[in-house]
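Labels A, B, C and D are assigned to the chains in the order they are written; within every chain, residues are numbered from 1.
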């Protein structure tokens, strides 16, 4: 599970080959923030199937993958598009019984991943005691007693995703990944440590010397990274602070068109299957106008 | 003397009412789409609770973003913070142990004991409606928090006899059932577009505390899907002061982000 | 356990009043690095008694406290003075049965503290399986089985020290504590989070605005800190990188004189009980000459 | 062709021998007073293992300190690193799970199965001699590490039949006893001031692999407090090359910090 110190720069197409059908994918992102969406579009184009997707907060990328038929199961604490409302493909697929939703409290899910990151069979939490959430996954959360005090806690079974996918500000060719500022969000912290393989897309690939000048910004070390892909605006339509904001126009369009299954498919055809490249995608979402509008934070 | 505002809207009254619950002793973090709580936090800090600690977006300690922007989890909210709190070990330690003791939540269903559901309507495995999920409140209900519930849809669909799915522990079955599970604190107040509720100390049943200007007790009773405890005297919710309204409208939320939480946003109560 | 946003600047004498006889003290530091030794000298001068001291790597400050009779029990993974050899007062006191040494593996000790920091009754580890270490503290480490897999792991009982004491580069008056660079050593990370109260000595107190300019360097937030004391060279004779190195001369003197109980007491009299102030202490260890020699890293 | 050095000392031979064990696949972190292992890591990286990953002082990933300075845990060792690894969550996760798989240790007592003691001589509660403590090796022995043991005092006090206190798990009672506890890997090699030992694959007993120049097999046998497995042919430990000696003396450890680990430091073997 240790990656070598070697050049790991590749294309989106090559990086996606590290993902196999049926894999458990830990995916960074929240409702509208920091998610490897160019990579997600490539996963969809390459028609991966039966994926289990693990997110803390599932967002638009997950909804696309579900609409495209890539997903069999979701592990998350919530799935939505923030103020743009419900993730409609997710809602429809769960209601139709087409995918499973395994809902956790955040601390349960992170405890599962943290146990995985440590090679421990489980970790414990008090989060969710008394809720119905602990009853819906008895194979992975179970009430046990403290051997010293008898206090009841919830054992959370280790989870080691096959692949973690993330988008970040920059990296060198070996996969030293940096964030500016360095938000230690749980998904950029626990996800890559828990996963067996890690794919990172970045706004910019920089020299190794540049990384050594600012080691305090490095969040993931190269020995944990298997693929590095340079994709400017790779989180679009999500945000990558401070580089660009989320794209209200595209989110609103998706929130509206995804109200029907047909509208969702048309959206996928237009924005994911249609464009032959990331540049074409950016052109189709509005080109220069789009890139200018997401420079504004408001 | 402070002057009461004459012209205010429901969203403003909700923010002000929530803000007045907070003190300089509170340490509060906010979740997603939480414009009303974040506005209340900023307002409390500007008025009576300068020492209140806010962990913006559960990352930016004591942040000073200036005003509400596009998203309550965006790093824009961390501006001028004193520390980026690492979430997994630091933030979650402070939450789990109880140092961060105050949290605001909302949900699709709220029952008479303050239990909340945002997971499903119907059966979990075969839901009639799949909702977004319990998110942070699934944690907070079991982690000894002082919980403030807000809702912009006080009606019989939201306020139900019993939640379909218990995603956030309130007072469970009432009485001492929460305590017997070993949990401290619990829901403190429910602030809606119609009024303010608290919980009867013994039975833990939800109790009407005040109604907003222009709202009748009868209307609240009709819009609530369970039997509210209604005291003999139900006062009007104290109105905002002119200063609070000025701060909220002109300084803290000039873009009116708080209104995003209403479907038919910003009805004037005047 | 939350501290308010208020001015917490005080003197060493006042800060030490937060410590009571019998307390469990979590103390930052290693053999020769980054330890709140001016504060330790004040603890010794104020004749605290029956302390339990928790360190990952116990060093010279712990040895002084033992020699001065402040300590009843030590929890650590190792106690020594790095290349200057054995901590002699520690050795003598354990061999004479005057203090208890509760030795842990590092991951066991940190798991105990991490459980404390989370308000969890215990956490688990595999570290130390098969060693004699788990047999010597059955009240705090015990083998249990994973409820999912049956795998044997060691439950480590929560430990919440009464007071954590640290030395850092700088802080504001509220107790936002910064490190340059920001080494996330376990003792500056887990110790303050686990403790009920936190005392921090710093090289320099700066304005709150200064902290807000570099939040990435803040390691402990003000709501976790109860006392801030400005003590330049507060880690001496230990190092505070990059400000100053450890003081070879004083370490060597202590390593030599501490070979006898009498020599140790003479050292304490000369350097701890003798000087009336921190400035006098610095003068006695060599004054300007000492401050110049520890500017060099070699 | 590489030229063998003629003039080298025991500390140099130990560093070079250890360095040759490391490969570009290794990820190694170092502990305190570990001048010989750190010198070996830097030397391996300069010669045959450029891809070796070193986490300096268990913090500085892929650090480039230049040369050995006063202390192997000092931040001076992190110079030009690519990341400061947070110790508790990150470093310990990587160690616990097995990503960081290689570790070097030493101790006051080493027994024939590679178990190590640095805690007490005598009884734990009433020790004849209290030693510093097991430190990181208490962890590493049980966490599936490939362990390299070094010792600058090959004598009957250090190499004992059975350790008084089992602080670091080697091969326990030999045979498959380590495996039965569920532990992978284990001690690989023991490098001392007299020779090099490994472990017999089946019995897991310590076995003499080579003796340093000028040392006899008989002398090693005499200085070892248990019965070493001694093959028919015991070669001389391969000498350093001139390049290795140059790099070590002039580039990596010009201050001779490695000699600090010897009481009577730096005897020439020539």
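Just so it is clear, a contact is a pair of C-beta atoms (placed from the backbone, for glycine too) under 8 Å apart; a residue touches a chain by one contact, two chains touch by 3 or more.
Note that the coordinates shown come from a computational prediction; the quantities given were computed from them, not determined experimentally.
Here C-D and B-C are compared, and the pair linked by more C-beta contacts is C-D. Measuring from the averaged C-alpha position of chain C to that of chain D gives a distance of 28 Å. Chain centres here are Cα means. That of chain A falls 41 Å from that of chain D.
For the pair chain B and chain D, the distance between C-alpha centroids works out to 58 Å. Of all residues in chain B, those that touch two or more other chains are 78, 84-86, 88-90, 92, 96.
Across the assembly, chain C contributes 114, 119-120, 125-126, 151, 181-182, 189, 215-216 as residues in contact with two or more other chains. Chain-to-chain contact here is organised exhaustively, every possible pair of chains being in touch.
Put simply, chain B touches chain D in their complex at residues 86, 88-89.
Here chain A touches chain B in the complex through residues 30-33, 57, 76-80, 82-83, 86-87, 90-91, 94-95, 97, 101, 103-108, 110, 114, 125-133, 136, 151-152, 181-186, 189-190, 239, 241-242, 245-246, 248, 297-298, going by the rule given at the top.
The residues of chain C lying in touch with chain A in their complex are 119-126, 139-140, 142, 144, 146-149, 151, 153, 155, 157, 181-182, 215-217.
Interface residues of chain B, counted against chain A in their complex, comprise 32-33, 59, 69-71, 73-76, 78, 84-88, 90, 92, 95-96, 118-119, 124-130, 132-136, 138-139, 141-143, 165-169, 172, 178, 181-183, 255, 260. The touching residues of chain B, when paired with chain C in their complex, are 24-25, 27, 51, 53, 60-62, 64, 78, 80-85, 89-90, 92-94, 96-101.
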